[in-house]
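Each of the two complexes below includes chain A, the first together with chain B, the second together with chain C.
Take a look at the complex of A and B:
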């Protein structure tokens, strides 16, 4: 009879000599292959280092373990804490219009038709009614488009009414406007300052690359973006303006230049994102798209450069790595809705489109713009909170996105750190449940978990930098 | 095409199917009964230009790991279920129709 029992865990053959084990709460341990064999055969000596590590991290229990199940259950609950913040992210698409015509843009319309593509006052009010039915202890309201500044009247209404309702309830609320900044004026800046609004913008890299990716009349997107980032920082504060980039095929040639552009303009974070397979992006995939393998090569080169910069004293966080590392190396989860099990679509975030339609995620809305309204949960004018958030559509999304029950995910060592994205897989493969062996979502995340863990294990320098990124995320 | 015969006394069908799954990225995988206590697995390359070199050894290792996973899952299943139940015990997972129904009610239509 074995002197110890196994607690639930999964494993992966990490390299030729070592096996990685990850338990239900996301704690991990590397074992030499021989030790792994002894461990699962209940033959690991109780005085070995591996035994003590595995016991401390809740991979095994023996007669001297103190409340192992209770502690592990608490850790598991902590990892699933995102479920408590039901629909804490509320996204309002206040206009579908935009004066940019970005090569990868999913849905924006260059149109003067305000009546057709702008959110009305009544739609915004009804969407706010639903938003404040959310049980989340704090809310983030994101205003986006198209270009939301083209319907600034609606931005103003939602922020003012949202602030008032939040104050009445005593519930914290944060506002973020996702904008290309090209139309930013002094009145808008004053309003944003008075109401503590954060700005999120797009910066794809150096001028030539940015302007090629993001055409607009006058071909001056980069110049306007940089000038208005500066103005916004002066008016709102440096940390109130964030930027992210989208990689086109052209971008893949310039990882160092893109990173350097962010440093040049004083950013302390960069979010390296592949193209989304939605809307116009899908239609233009032949000219702008690429296999995931090429994006990952780009990512590795960019991350290497970012680590070099950090080692030389320039603090710069890669946001996706920060998200993954937080999930891998801390007891906590993240609010990132695209990497949760069950998926965050419709339960972590919800989207109110300009016409009042409610979607489980921004990607679900983009699919609808292509004519597929499968993930429409309802409409703010016609449907109740109960039917929108308790209906068959959302239940189907949630049921299909429990990674613990997805073939290929259920056995994966990285499951406690990962998640599911049913809308992505439906858009790319026509099925909410992914075929993991050929999924680009799996390819990306599996590779990055291994890559980050390899860096963390073999490089004390990378380990220190990653720890500083996790700490900066705690502070944010 | 590469064919491998498996003794189900060593590797249960559940482990065989789990081991096959990752191979479906590069192969069409056909699992067929091969008489009592045996199955054969045929690997047909998706890309005709990539011959099935090394598949037997790779699959044999995958089978071992799949079998190990089923053993670990079986040994820890009750604890895993207990953990999840305990982690979410504060959530209201009960079907209130049963809890709150009076003695005359038949919420699950047991009486037909």
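Take a look at the complex of A and C:
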């Protein structure tokens, strides 16, 4: 028996011959099964490579030195650094109205009733007051809907007032407008350029697929999106316009075509997202939905194609893979609120709805539109910052989303790379705490961690590409 | 070129340090800080009020004047260079204004004894050198771009070391300061904090780390516990906003786990502004430990490539020093820096006709005997052809 102690780690039988161990700071090591057994029985020879690897990565310690503990503690703090700033993503739903009627949406209304579904000037002002109460060293204000361009006066007000307050405080604030771009006009573009606003839009794939997923009067969503992406890039700069896709059942047949559509239009990233189970999507699940397994098959095929493209010289990042790889292979964390422990709902991001209600996440808002207001933190007209961000509702969400304490997560090898999504699990299963064997969140992330790690260690080509994706994320 | 020589001195009761001038100075205070150079028997002006005279000619021509006489040559000295004259006749050039390689050797003491140390430490008490260093800092041209602080281990001066850095900030705020230290003293948080508080605007600490395994690093630096002090020192420095560079000397003891060391650096010290991977210098103690240390650089290209890949993937800034380009894997050549200072490097007969010679650092004068067996002239890239 070698005199060494074990430091905290988790493990998984990765394949027939090897066990993967991951420490609390997310560093990993593959061990032959026999070595793993020797390791946990304190029988690993001190001069073996496995021993030295495990020691250097802080899986074991064999002296009185403080170094392993101090270094591990620093790395753990670095991984949890997303907690430091508190709520930095501030989402404003400036209108619930939209002229699109996408098959998977999300709660928007095709309506002309501005009084009922648009955010008022006073609500926006109060929401800004709350947003700027956040202690976060920098803020990101995201304006969405519905279709935010339908209430452009509010967009204008929030950006102008937000910029003014940011300048007064000397705090950096970025503005993003999430829009289908269909109603974009020159005045808006001029305004966006003047205020350095980023645009985020939806592009679901080739014309036929996109228009089937995203119907609007005239059935010209794809044509408008593409034309306006071009205009916006010309006016604001190429990198100021990003796009993401949502996969419907129909999309699952066309992974290559969807990816190629992004390349054709000059994008350097694509975010492959499964349907979210909220809003109308849940109701129409029978026609547009699919089991997670089918999405993952789609994802794997799309990713293979993306890797081929990269290998052939076309730089294209899959954003979710980039996010997971950053969490797996670097000392750093990511700001993505849906994959953190505790979850980012309320403490990383917050949503001010058009009517002044405040929600812990966009999903929580959608759930409320369906009649369940459980995750409403308060209202900008009635409640204080303290009661909204310090109240029982948010505390319950945070307490339920510490993956380290969730059954099935607490002993999962991938925990340090993963997170929790209590609102998602409540919406799909009626419980903030997931039932891991039946959780699609678990199914997706567990599969992808394993798949990406296999690619990374099997294929030097994939490794080079993944490394370039991680690096490109640093710059963003 | 001689930077130290002996001379006959007159009127020097303790070490005097001053700036060299060939021409008359108008300012009275400047005159008191200046050595007047005399290359013949004539002086540029009346030497009254000057610190003294540095002369090639005999003292007889300057009887009654203070200075050093009978120097063999002065041509390497320029206006603004700083020279010390000791009572025993030693004339030392401490700073040359035209050079990019000025450094202050703070002390000859060290608390490590690296197997490959190029400047073996001495067990002496030389803490009294601080005054000379501070005096030198007052005389250095503030337009100097770069200054090195080295040793021995400069932090052994403790408060004196901090005083030096503070003086640099005050006197030479636009001079980049590069300190070579083993970082062990910064294990003490208060010390790291005090250095951080000085807030030098352009300071980098170059700190060696030779292994990801404590016992191996400790063996290489011949000091038990050094690894712990250095790695925690690195963290404390970052915590207090001091920039660090990590320096790895490549030899038979550091090569086997070099890729793992790269991972260790990327994971634990991602804040390091630079990682320098350095070929062995054939100076000093290295000759005593050659059996343990020597490995032909041609035989470690695989590990070097792997380490550079890990560090590059992590977005870290990597350089390779002290390698001949012909021995480096072509993929690594862009990372190579011509670090051997220009007055030290030489080339071999084998180098004749090499297309990369102008970009290559060549060899240290002392490093031509034991060297890679694979040195050869590199041709211009050929057009790829099919077949062998």
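One rule holds for everything that comes next: the second predicted complex is superposed on the first by the 471 of 476 C-alpha atoms of A that agree within 3 Å, B and C clash if a C-alpha of one lies under 4 Å from a C-alpha of the other, contacts with A are read in each partner's own complex, and residues count from 1 in each chain.
Note that in this section contacts are C-beta pairs under 8 Å (C-beta built on N, C-alpha and C of every residue); 3 or more make two chains touch, one makes a residue touch a chain.
Everything numeric here is computed off the predicted structure, so don't read it as measured data.
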Inset, instruction - Please indicate which partner A:438 is in contact with in the superposed arrangement: first for chain B, second for chain C, both, or neither. - result: first
Legend entry - First (chain B), second (chain C), both or neither touched by A:6: first
Inset, instruction - Once the structures are superposed on A, label A:47 by its partner contacts, choosing first (chain B), second (chain C), both or neither. - result: neither
Legend entry - Touched partner set for A:65, first chain B, second chain C, both or neither: second
Inset, instruction - Classify the contacts of A:186 with the two partner chains as first (chain B alone), second (chain C alone), both, or neither. - result: neither
Legend entry - Touched partner set for A:168, first chain B, second chain C, both or neither: neither
Inset, instruction - Classify the contacts of A:74 with the two partner chains as first (chain B alone), second (chain C alone), both, or neither. - result: both
Inset, instruction - Enumerate the residues of chain A that count as touching chain B in its complex and touching chain C in the other. - result: 70, 74
Inset, instruction - Could you pull out which chain A residues touch chain B in their complex? - result: 5-11, 13, 24, 40, 69-70, 72-74, 76-77, 80, 407-408, 411, 435-438
Inset, instruction - Would you tell me which residues of chain B are touching chain A in their complex? - result: 18, 21-25, 65-66, 68-69, 71-73, 75-76, 79-80, 82-84, 86-88
Inset, instruction - Mind listing the chain A positions that touch chain C in their complex? - result: 25, 27, 52-53, 55-57, 63, 65-67, 70-71, 74-75, 330-332, 463, 467, 470-471, 474
Legend entry - Complex contact set, residues of chain C against chain A: 212-214, 225, 227-228, 231-232, 235, 257, 260, 263-264, 266-268, 270, 312-315
